[in-house]
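What follows is chain A paired twice: with chain B in the first complex and chain C in the second.
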Partner chain A sequence: MSFRERLQSWRYNLVPDHLIGEILSKRWTDNAIPFLALILVVAGFGSVIPGFFKPASLQDSTRQLGEFSIVVTGLTVVMLGGGIDLSVGSIFALATFSSVAAFFIFDLPVWVAFLAALATGCVFGAINGYLVGFLRLRAFLTTLVTFIIGRAIFDILIVNYGAAVQTSTASSDTWDFIGDGTLGGLSIPVIGAAVIAIFTHIALTRSRIGWHILAVGGSRRSAHNAGIKVKRTIFLTYVFSGLCASTAGFLIACRLSGAGPGTGLNMEILALTAAVVGGNSLGGGRGSVAKGLMGAVIVLVMNNGLIRLGYGTGTNQMVIGIMLAIAVTIDIRWLKNRHKVLNEVYVAPIYLKMGAAQSALPGSGTPFALNNAISQTDYIGLGALEGPEDVILDRDDHLYCGTRHGEIVRFFAPDYRRSEVFAHVGGFPLGLAFDRDGNLLSCVGAMGLYSITPDRVVTRLSAETRRSLTSVQDDARLRDPNDLDIAPDGKVYFTDSTKRFDAHDWALDSIENRATGRLLVYDPKTGATRTLLDGYHYLNGVCMAHDGRSLFVAESWACRVHRYWLEGPKAGTAECVIRDMPGYPDNINRASDGTYWMAWLGMRTPSFDLSLRHPGFRKRMTRRLPQDDWLFPNINTGGVVKFDESGRVLGTLGDLSGRSHPMVTSMREHKGWLFIGGILNNRIGRLKLDGADPRWTGPTSYWGERA
Partner chain B sequence: MVAKGRLFGPGAFNQERIVLATAIAIFAVASFALPGFFTAENIVTIVRSVSVLGILSLGMAVVIIGRGIDLSMVAIMAMSVAAYLQLLANGMSDGAALALVLAGVIGIGLLNGFLVAYAEVPALFVTLASASFIFGYVRSQVIGADAVPVPRAHWVASLGSVQFLDIPIEVFIFAALALAMFLFLRFTKWGRFVYYAGDNPVAARNAGMPARPMLVLRYVISAMFAFIAGILTAASLHSMNTRVVNSTLLYDIVLVAVIGGIGLSGGKGGVRNVLIGAALTGVLLNAMTIIDIPLIYQNLIKSTILLAAIIFDGLINPRDEQTAQQGDI
Partner chain C sequence: MTILDPLLDLFRGKAVTVPPLDGAFRPNRLLDEASALTSISEPTDLAVKDGRTLVASGNAVHALKADGSTEVVESFTAPVTALAVSPTGALAVALDSGRLFVDGTEVKLPDGINCLIALSYAANGILLIANGSFLHRPTDWRRDMMEKNAAGSVWALHPDGTTRRLADGLAWPSGVLADGAGVVVAEAWQRRLVRIADGRSQVLVSNMPGYPARMSRAGEGVLLAVFAPVNRLIEFVLQEDDYRRAMMAEIPPDYWIAPALASGNSFLEPLQCGGIKTMGIHKPWSPSRSYGLLVRLDRGFQPVASYHSRADGRRHGVVAAVTAGGAIHVACAGGGEILALDA
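Let's look at the complex of A and B:
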């Protein structure tokens, strides 16, 4: 290895570039900017304003913060549902007036005043909700207008009844306690805000209605198609916002014991700025109560700080305007470009040097030499199939395969002309195996390990394993379950090819070549899934050895086959039995003569091998070139390789014409025939094998003669 | 485009005609019922009061037709003129002050347009934020009090008293601007493009229209119209009171546009709709003032009418699920 390559391997294999992409794909990174802003604002004003952190000063500002953040929480919920509520300022003012009027003018008890405030908010919110939700008006303009209407009503009420409030002599200890008192050092508004925030957070993240709100905000049309009552959900968000704003109005009524022309003025733009600055997305679906609270603190500290520092009229509006514009722009740009940034940085290739391969050229005399043996096969399901990754036959000679559409298709013996959808699983069914009772087990790409009984009942067996300690991205979930086989004791050994990419992005994984493939075992007795091997370059096919004491597993992007021992002195360890093949191995299955068939999904090329030793090149390629121009592993030529127990390669069948089976992902021997599948093919091929046992079948080989 | 309805029979009841009929009806009723309504003096007052509102509405209309909205118009109107007058009071030469303020007005228009067109931020948020910023910046950094008087014997002051055939000059300016806007929208290429861009922005862009520069242009136009309206306001009142930013004037502008039949979803309406909307609004406001309804009640009535107009607009121009974008709020 040259010095340059050594440097390359250190640089790309030891520096965890892939973590950048994984961290960026975390939802919590959205919080990073507002959180930083929060720290800066609080620290900035805290150090400039003398006595900012004094308890008395904090006591006063937190009261205000409590009321404000209740309003922001309500607005956040509306925004999560894809709407906006500018009328919070008027609802707040009207609710303040309602409770003040109930208490001072009509001399009613405090709880009635509270109910009066809530009723005001509820009615006002319901009007907004009806207009925006049911009549489907534009949220921004509509609530802007209801805001003016509310404000006009408030102004009229204040002019007519303001004096009556001021001359009233009504008083109550409860009223004063809510306004001035503390409970365990905390003022009532702060406690109220905390309770509402926690309640809302739990409702949003853990209740049906909360999920509905997020779903509607995320995609209105999809939510509607999923059967969610979109209009009612939106209606409820506005009612909730109205209730929040009116609760805050009641609290300020108690604190100030009155309502004036200034009550709730500019509240709408402050609350909107707070919600957006906190990182809640316009248009809905993304955001949280915590973000709203962060935004509330930022805006309020900024607002009060500027006043305390003695800046003149208008400064606040100026700063709020700038903050709103910047926050909205960042939000829009980030939302729009997030996936682009992720695409840019996600693929983080590593250095890999494979050994020189034996030639696969026809006539080269090596056991890998390709011939034209599988270019003439009987086609099954030509044009009716898409993506039969794996094929398998049952005891009655029926043929099964998965398709791109998430179905398991069955072709009927003996001529395999008639077919039916055996079962619909979803995902992309890849590897197939029959267990002792005749259940068909399948590794379903992007979903997990599934079992289908002979009477077509689909059950999920496993979709996750234990999360590894150092993982950033949750690697408990199986992203690309690929192939499986079943041991005599019923345990299911299967592979999950990559932790980094979804099943359909396997080509990206080949370019990155990071070793994240796993071998897992599912124990039907306990229902538990364990990870046996981790850190391989795309673990793919699995095949139980004929004696059931070990299994073979193919490592596609490193062109190797390993033997994993289940019993004996090497139990629990893997050893490499075939290395540096000229092709990329896929599924492995038993052959009738005690050896094994292995599919090659593609062939190594000198150019791609070279690029594997230049991770920087591949990194630049994924960032600068359109996907059509990328260098991929060659999957236009594949083959079927036969090898024995010791890993000695016996011969290779190929299709040099490239017409019938250019890419082979699986093959299954059955009664003297070889059935060939390919994940990108539109047919299954059937080839008569010379000299093969005409009675040998897979189920018999695994589970013996029919009981 | 304005729906082509027949004079009688079905189709005769489009929004434009209903509004026009309502305006005429209110005018007729008010003429009989209200003493002092149907006098030459009062009608001039109506037309005059409508002129400023109408100029602002023309600017708003061109933005709304292009599927946008400009909530910063009143702030630009008040604060640009206030800044101009303050700069004059500070002793800056007329030319320099005018140039500076005009540059600022165009700059704000460009900024609004840039954020909407290139950063793709919803127009409502951009203009809401810029309104807050403009008011805050000028109020805190440039002027010292809420109201700034027009300097004695300045051309703005004398503009207020210019009359032609006993009709104040702003009426003519409004008419000239309306004509110019009509010609622009009807007969120029970019004017036609405004409709296409408002009707289906993506299709307009795919068809090769310079959608983004056009969008920026519309916000610059609305900012310029706001500045002209501000100058005329200062001319008639001899001062510029910046408290107007917090008044409901902005909603009057939207009211004129929406009530006249310029659909908020864009692509519909024209100068005629602005004139009709302005006529109804002007008659209504004048009648309410003559009946002596207090301002706070007027606000309630106006905003309720606006809500009704928006509901009506929503019913006759329902939002299209296919072209409505996620997050289009």
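Let's look at the complex of A and C:
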């Protein structure tokens, strides 16, 4: 191995590139950027400003944070519903004035002052909600208008009654406690904010109205079509926002015991920046309370930090403005391009050096030499059938196969001209096997292991195994269950070919070639599924040996066949019995003469083998070319290979013409005939075998003569 | 388009794009539907002499007979690579070994002419020679392309035996045609037609969807053979130097990711995702290393119409076309056939 190749193998096999794609496919990555910004801002200002983390300083900051985040929570809900509320600042100010006036001028109790604040918020919120929700005015302009009017009213009131508030002698312990006191070390605004945040979070994620808000924000029309009362939902979000803003106004009234011209000034810009910087989408439907809170902390720390560092209002507002611009850009770009980024980075190829293979060229004299033996078969279901990955015959000679439409189709003996849908399972039924009782078991791509009784009752046997400890993506789920076979004791041994791609993207796994194939066993007695082998390059066909003491399993992309021992001294271990084949193995099944049939789904090509040693080449290929142009293994030529118990290859049947069976994924011998299926084919082929036992059938070989 | 794209491109590289088959290149099945005049193994060039179509194939020049059979006109010791007939009826034959014969007599060529890809006579009896590359023989065209060479030249051989180089530094000139005072050259690896006059060159057609080759007059216009299609994967491999060098060092040329005159004949050839046969269908629009394309150019060498054999067809690798007796005869190297189209 050259130095360059060694470097490549280290670079691509040791660095877990695939995790980038797996992490990006998680929903929580939406939070990653705001969270990073949060840490940077807090750490940055914390280290620059002396005493930033001192309790007294924190106590003061957190009071302010509490009030602010209540406002942001309200705004977040409006934004999730697809709207925007610019009037939060003036509602906040008016609510402050209401409570201050109630308490100081009219000398009313604290709870009345609180109610006065809430009533103010409720009225303004309702006006916004009515205009935006029911009259369907533009949210931006409407709330801008309420913002201006609200602010004007506040300015008039504060000029006329500001002095009366200041000269009042009213006082209350409750009022002071809300403003200055702590409960268990936490100030009232923080507790209030936490309660509101938790309540809102639960409401959004787990209640009917919360789901309605998200649905309306995600798509107004779809929500309407789904029967959601869109207008009312929008109305309620504005009322909620008003209530939140007024609660915060009441809290600041208690803290400052007064209101001034600066109360709530620029609050709407700060709150909006916080909500967007936290990662709530301006378009609605995407976001959470937690994001709003993160944004609130970022904006407030930034704002206060800059003030304490001695920067003026201008600088401060500029920074906030820039933050908002960046957040909006990221929000829109990210939302639009996330799936593209994911598509681009998901395939993360590894380095693999394939062993030199014997030639499969006709006339090469090797047992692998291809010919045209299966280019002339009797077609079954030509044109009526799509994607018979596996084929199987029952004791009455009827033929079964899966289709890409999620059906199991049965062709009737003896001529296989008539067919019926035996059962509809869904997914993509792949491997098939009959158990002792005549139930048809199938590995269904993208779904799991299923059983179909002779009277067509479909039952799921298994769809998950134990999750491995280091997985990022949930690998308990079976992504590509591929083939199965049943041991004499009834245990079902089956493969899950890849953890990285869904069943219909199986061929993409060959480009990446990451070894994530598994051999699993399902125990019908306990209903449990266990992982026996993990870390193979696309484990595919499974076949019980004739004596039932071991099984053969094909490792497609590595062109190998392994023998896994169920009994005897090597029980629980696998040994490689055929390696470095010139073709990619698929299903394996028993032959009548005590040997085995193996399907080749495709052939190795020198150019593809070389690309396996150039992972960077494959990686760039997946990023710069559309998928149709990617280099694939040659899966336009397949074959059927016969091998014996020791792994010695006896001969190969091929279709070099590519007319009948370009790709072969399965074959079954039955009463002297060989039935051939292909996952991308539109027919099953039937070939008369010379010298095969005309009475031998699969069910008899597995389960003996009919009882 | 975003402002971030140029920045991101540094990390992800540009998407590889190819010109679409549109306008004059809109696909059809005219080559697949054309009648075959004869089957002949890997024809390389055509010429018309005394109303008879001559075909270069193997080590010989064959003449096409009316009954569809062929007879050998002249045999040589090396594969014939190009033919031309002078206005006075002299037959010029170029060999893979770099030798040139006019009416059976070898013409001494100066050093530097060793890879004769195309011949064409101007009206005044000057023989124009397209010398593909001073590095390789004509049959090694794939290697020259994958090495990204521009080592070709165009020469004029005067009736008095003197030669003059008209241009050099060309990327595999594979077609040449006199046009008034100048010469039009098909520069294959650049996928363009260039007009050379008085030492100056002017691009006539650029970014063609395939590799252009020989040209011939057809009435007012010109027939242009395009011997292989441009393919995104191949363009990508041309950017990937490590892989490309390893491929050239380790793999036989027939199995390279490179253009071909015919494809799908061996399971050892590279396959692209779109080329997978699905439900018994090979998609005609799938990416392919070989294609059949004959283009009709107007007097100004602009494409106006085309004849196709698509990815699922067999008549790939159009290397030459001539007008003979009111029909267009097309040499299709991939299919091993001479086809007749209505002129």
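Details
Note that in this section the second predicted complex is superposed on the first by the 412 of 707 C-alpha atoms of A that agree within 3 Å, B and C clash if a C-alpha of one lies under 4 Å from a C-alpha of the other, contacts with A are read in each partner's own complex, and residues count from 1 in each chain.
The rule we apply is simple: a residue touches a chain if its C-beta (ideal position, glycine included) is under 8 Å from a C-beta of that chain, and two chains touch if they have at least 3 such contacts.
Being a predicted model, the structure only gives us computed values, none of them experimental.
Residue contacts after overlaying the shared chain place A:149 against chain B, while chain C stays out of touching range. In the superposed model, A:317 lies in contact with chain B only, and not with chain C. Once the two complexes are laid over each other on the shared chain, residue contacts for A:198 go to neither chain B nor chain C. In the superposed pair of complexes, A:576 makes contact with neither chain B nor chain C. Using the contact criterion defined above for the overlaid structures, shared-chain residue A:650 touches neither chain B nor chain C, since it reaches no partner. Contacts of A:333 after superposition: both chain B and chain C are touched. Once chain A of one complex is fitted onto chain A of the other, the partner contacts of A:136 are limited to chain B, with no touch recorded for chain C. In the superposition on chain A, no contact is made by A:421 with either chain B or chain C. When the two complexes are overlaid on their common chain A, residue A:219 makes contact with chain B while staying clear of chain C.
Overlap of the chain B and chain C interfaces on chain A comprises residues 333. On the chain A side of its complex with chain C, the touching residues are 4, 333, 344, 360-361, 370, 386-387, 507, 603, 605-608, 610-611, 613-614, 616-617, 620-621, 623-637, 656, 658, 662-663, 680-683. Note for the complex: chain B touches chain A at residues 69, 115, 119-122, 124-126, 128-141, 248, 251, 254, 264, 296-297, 299-300, 303-304, 306-307, 310-311, 314-315, 318-319, 321, 326-329. On chain C, the positions that touch chain A within their shared complex are 2, 4, 12-16, 231-233, 236, 240, 242-243, 246-247, 250-252, 255-257, 264, 267-280, 286-287. Those residues of chain A that touch chain B in the complex are listed here as 82-84, 131, 135-142, 144-146, 148-149, 151-153, 155-156, 159, 219-221, 269, 272, 276, 281-284, 311-322, 324-325, 328-329, 332-333, 336.
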